[in-house]
Amino acid sequence: MTLAERYKTVRRRTEDICSHLQTEDYVVQPVGDVSPPKWHIGHTTWFFETFILKAYFMGYQDYNPDYNYVFNSYYETVGARVIRTDRGNLSRPTVLDVYRYREYVDEAIYKFLCEGPSPEVEELFVLGLNHEEQHQELLYYDIKYILGHNPLFPAYNPQYSSPKIEEQPGFISINEGVYEVGHTGEDFCFDNELSRHKVYLNAYHISTALVTNAEYLEFINSGGYQDFRYWHAEAWDWVKTNNITAPMYWHNIDGEWHNYTLRGLEPLHLHDSVQHVSFYEAYAYASWKGMRLPTEYEWEVAATQFNWGKSWEWTESAYLPYPGFSKAPGAIGEYNGKFMVNQKVLRGASEATPPGHSRTTYRNFFHPNLRWHFTGIRLAQ
Amino acid sequence: MTLAERYKTVRRRTEDICSHLQTEDYVVQPVGDVSPPKWHIGHTTWFFETFILKAYFMGYQDYNPDYNYVFNSYYETVGARVIRTDRGNLSRPTVLDVYRYREYVDEAIYKFLCEGPSPEVEELFVLGLNHEEQHQELLYYDIKYILGHNPLFPAYNPQYSSPKIEEQPGFISINEGVYEVGHTGEDFCFDNELSRHKVYLNAYHISTALVTNAEYLEFINSGGYQDFRYWHAEAWDWVKTNNITAPMYWHNIDGEWHNYTLRGLEPLHLHDSVQHVSFYEAYAYASWKGMRLPTEYEWEVAATQFNWGKSWEWTESAYLPYPGFSKAPGAIGEYNGKFMVNQKVLRGASEATPPGHSRTTYRNFFHPNLRWHFTGIRLAQ
Amino acid sequence: MTLAERYKTVRRRTEDICSHLQTEDYVVQPVGDVSPPKWHIGHTTWFFETFILKAYFMGYQDYNPDYNYVFNSYYETVGARVIRTDRGNLSRPTVLDVYRYREYVDEAIYKFLCEGPSPEVEELFVLGLNHEEQHQELLYYDIKYILGHNPLFPAYNPQYSSPKIEEQPGFISINEGVYEVGHTGEDFCFDNELSRHKVYLNAYHISTALVTNAEYLEFINSGGYQDFRYWHAEAWDWVKTNNITAPMYWHNIDGEWHNYTLRGLEPLHLHDSVQHVSFYEAYAYASWKGMRLPTEYEWEVAATQFNWGKSWEWTESAYLPYPGFSKAPGAIGEYNGKFMVNQKVLRGASEATPPGHSRTTYRNFFHPNLRWHFTGIRLAQ
Amino acid sequence: MTLAERYKTVRRRTEDICSHLQTEDYVVQPVGDVSPPKWHIGHTTWFFETFILKAYFMGYQDYNPDYNYVFNSYYETVGARVIRTDRGNLSRPTVLDVYRYREYVDEAIYKFLCEGPSPEVEELFVLGLNHEEQHQELLYYDIKYILGHNPLFPAYNPQYSSPKIEEQPGFISINEGVYEVGHTGEDFCFDNELSRHKVYLNAYHISTALVTNAEYLEFINSGGYQDFRYWHAEAWDWVKTNNITAPMYWHNIDGEWHNYTLRGLEPLHLHDSVQHVSFYEAYAYASWKGMRLPTEYEWEVAATQFNWGKSWEWTESAYLPYPGFSKAPGAIGEYNGKFMVNQKVLRGASEATPPGHSRTTYRNFFHPNLRWHFTGIRLAQ
């Protein structure tokens, strides 16, 4: 596939995800961590305009200089930004304006690609496409949050169905010893997966299947949310302050558990994997079960021996730099390193992850209290 | 004009105000005091549906029972409500849905009116129309806030022009004595304007013109925002906490004062009345000038002797019940009485006020720190 | 009594109030509105040092220049101040240090008084003594709060007893007409009681007795705290946010109502007047009773016809300037005027008020949500 | 040394630390992380009373059942607790009361020790003594905060001097390979130091001296606090929100840097190690220097080759359980495990650490934004 074809495929996929939305759905931001879909459409476009067109395409004319202010995210090196919680206050540019901007930039990119970009620029392209794929995943999270927190519980797509992934229940055992982790080979990876290095692991067992809704319900019914012994001190404060009693999107209606899905509100499917739990909940569940969560290295070493990809999986590991990690210079260097404190690593992939985007060395990360992303629980001991 | 004609006129005017909006403009809520225009469209409809159709129109079928939850405002007697700051999180019902709801209710209303409603219901109708006119005014405030706080400063309507009202500069004198205030006659008024009663006024002087931008600029240039002596203690905290240095919508761009208007950003017009000042600022300005604001009674007694209507005018008076005031029973009774604490009375009308909506006995009220509504300053001494 | 004798009497009374405290009680500040007793001792001393000794006593040597920073309250003209909520963080100066400071200033004052101060300075003295009396009253409020919010419920003084004031239950009627209100005569009064002026009152009835605990209990038992109809909108938010279900210091222990008093925790005395209610509660009670609170003018006009002084009494009136009110120049001018927004007037006096401090024209004021001061309810209709 | 002698020594040391305080210093809590010294005195006593006397000493009579409520810290299993930020609101029990309580418990302990406690109870004793030593260290932090944030800058002890520890500037190199970390042997250690296990380390260099004030000043003077590139994203928010421009206790007075020490305010000593920096600052400094902080394993493996103990040292490592870690049952089990999220490991010891309390396997931990404890910076690369 040529770079232009790859570009087209990825860009089109973003628009396909949004094709089920009403104009109004593009605009709102119900909480700080959610961005309006309109912003994702504009921001992924701004990325290509800023780091490729403005930097390398001679004679390129800005679409609108004010858009840098509106669609920048956290790239401190490229000027003042709209503070993050303000995104949902902006009715302009309209959805149509943003799609026009997207079209304008796409056309310029295609022209630019005809010139045959240098290897250095090709690398930036690949980063930009992976960046856009990350925002495709965020689009699913954010859209689900926006519709799933609306009192009318509208469906995103009544025909939506999750990919099927087969799992074998049970545990596999890994021997003590020195293992290598981290990315290897010539394929694209993010800077946080480099460099490959040795780690020493004690012997451990890791589950080949994720925890199901039925299993999680046992934890709820046995009073797990009321017993501080299973929780970190900060987790317990979080449970109490926010009155947490079940995963996000679970609703107990007249004694029956329901679950908001992208198809709308449905009775809880007991055999599905539990989703939308925070690290705090995953840890408390494991603790109640007398087990624990795997570390990211334990996960990576065992990952070839089970099927993964239903949900992101919380690990016990904090998100920290690998030995020898160093930031790329300039704005691109802000990509990962600046988040390496107070977050937890997640491994795997979810139904919202674009096909082929993840891999066994992929390091996703979120704060331990978050759960609007598609996460599940794998146990270790 | 028949009731049906009056109904049609008022309802159409709401839609006309919104005719300049993009779909996205209907949805956002940049601060708690601003409501999304979509909500105003739905709420004014909900008012007629709830208090007239459901209560009096036999066989009326709810458009959608969930809408009560979405479009109720503060009427505690008609069930749980969406907490106010959440309005801007709702992408559904869409703008189109809301206009369909509006159409559905309008049709039912016209049918109901054919039946010849009782005087009691007619009274409710008139209340509903005055209620809708109040929301028309709020629509202007909220739209101006939404567009005027967008970094692109879009115009609401490039052809917008304010009504012209002639003023004679100077002061008139009113003698000491007993005066009557409050509404009299058969015309509609809100419950807070009743009952007419006597007050004793000391002699006073009151200005026949509002303070201009040029005059207010002198206050700014002389350091008024930096000198605590002109401010209430709470006002001074407000100035410091929010870094207030000028009226809302004023922007100093490269040393030149600009003003966001409904036509977009413009150089400041020095001869216009100052607008968008809080009570705190109005008081501080008067204090700096060695004068004071009039009380609401002083305003009412003098109001026939000057032209008013350019802007609402802060008075020194707190919003309190008139002697003999009592709340109407039921939800309608919540209309005014429950707000009679911690607010200030404003008198007059503004360019956003529907024609014929206000009168000299009209009592508008806002918290003293607010200024997104169209307010100005009249001095007394 | 000479000025020196009056000075001695007032200053000694402050120390007597504190004589029941432990050193630790002088230091803490459990909420922002409460000041540590140590601070009152120092602040009242700082007042005499700053406005009299430093201003008029030639050759006076500051006790410690840093104390201005520590003991200033809200007088913006005399330099930066410790922000108010920080007072409880200061372990130094110690209680002993503060009493030494007090002694030093007292000695200088006595020397200064031998010189025979000018009438202007005498006036400042009288203001300072009235100021100290206000802090004596606050000391009672603050001490009661500090001890009454301690889980050990220590008594302030096991022998403490409230002064007895006889009341005749019933209502008296006042005719419609013009009345004069405000202070008159040569005696001391605060600037907010001037100038005497005419007001027009409608006919009204006013109770000659305060509401009792027994009566208030009926309001509680009939569900008054659960029914929004009796409450202002802001009051209802306050009730919900703070889970208010009874007056401050009431504790329901195993089904029996108790009341923390300056003698410690006691079973509720049903015949006593209810105390420690906010304006919001006083208004809701009156509303439930089908009555209302008097205005400050109604209170003042009727006050000679009943005994008052058991508790401060909330009025319906907002705290606003009288006609012709103007601030004194300089720091002293900040005394009252800057608080004239968002507060309610209270009339009367309480058991914490120094004898002779109040009068029928006295205007006390607090925010409507506060209730740590000694307040009760008088009804009107 | 017998257990009774060890007990006496440790308990006396706590009292010695407090011997420089005024009564008032025992009471205040200027921020949530600081506890009033009075509380430390009571809480360490409560620990012995609750976990030893009440549990094992037949016939022991509670000193005061309410004290459990007042002196419990975070032990959720032993009943409701005073919420942490409330500790500074409590004037009672007085300092004298608390010392009496301490005496009462000490006497009971000595009696109990005559009975010859079981090995299980001896273990609890040793835990209790180590617990008290941790509070001795906290006492230094909290006292320094209380006095160092007072506008009078009182000295804790004018004769106070820090222990001298010699350092050789330079870097040592450690080879790649498998190392063992964690506690070994029969001596006391906390549960978080167990169990000893293998780790794989890449080759690294680690400094043999801590960063000095002079070196840190270069970072400040080169604009380090103004350049986001050196900071984590959360750190940058912290810097901006709190206007951080220097370590805690540094004051720039008329262009000269001063430092509040336990002797009072002094000119900054350039050759001393920098102290009172957050993890965020330590990381930013290392980043500016083109280096990094060591991991806790790197530190432990190298620690025999340099002198440590001047200050706690931030490591890059998150505070996580060692392989095989499991919580002790009951309240004691809450000791460490529940904090293993969102915190950073510190290694070494500080001048506030009791002699013999720390060791090379000791794992201290704090949130990355904190800096009132005695911390410094050691670089690695």
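Observations on the structure shown:
Should a chain be cited, it is by its letter among A, B, C and D, assigned in written order, with residues numbered from 1 in that chain.
Here is the rule we go by: a contact is a pair of C-beta atoms (placed from the backbone, for glycine too) under 8 Å apart; a residue touches a chain by one contact, two chains touch by 3 or more.
Protein names from UniProt, one per chain: A, B, C, D = Ergothioneine biosynthesis protein EgtB.
All values reported here derive from a predicted model rather than from experimental measurement.
Farthest chain from subunit B, judged by C-alpha centroids: D.
For the pair subunit A and subunit D, the distance between mean C-alpha positions equals 37 Å.
One simple way to say how far apart two chains are is to compare their mean CA positions; for subunit B and subunit D this gives 57 Å. Looking at subunit A, one finds that none of its residues touch two or more other chains. In terms of inter-chain touching, the protein chains here make up one closed cycle, each touching precisely two others.
The part of subunit A that touches subunit B in the complex is made up of residues 22-30, 38, 66, 69-70, 82, 86, 88-95, 146-147, 149-152, 154. Against subunit B, in their complex, subunit C makes its touches with residues 74, 76-77, 178, 197-200, 202, 228-229, 231-236, 279-280, 283, 292, 316-318, 320-321, 323-324, 338-342, 344, 368.
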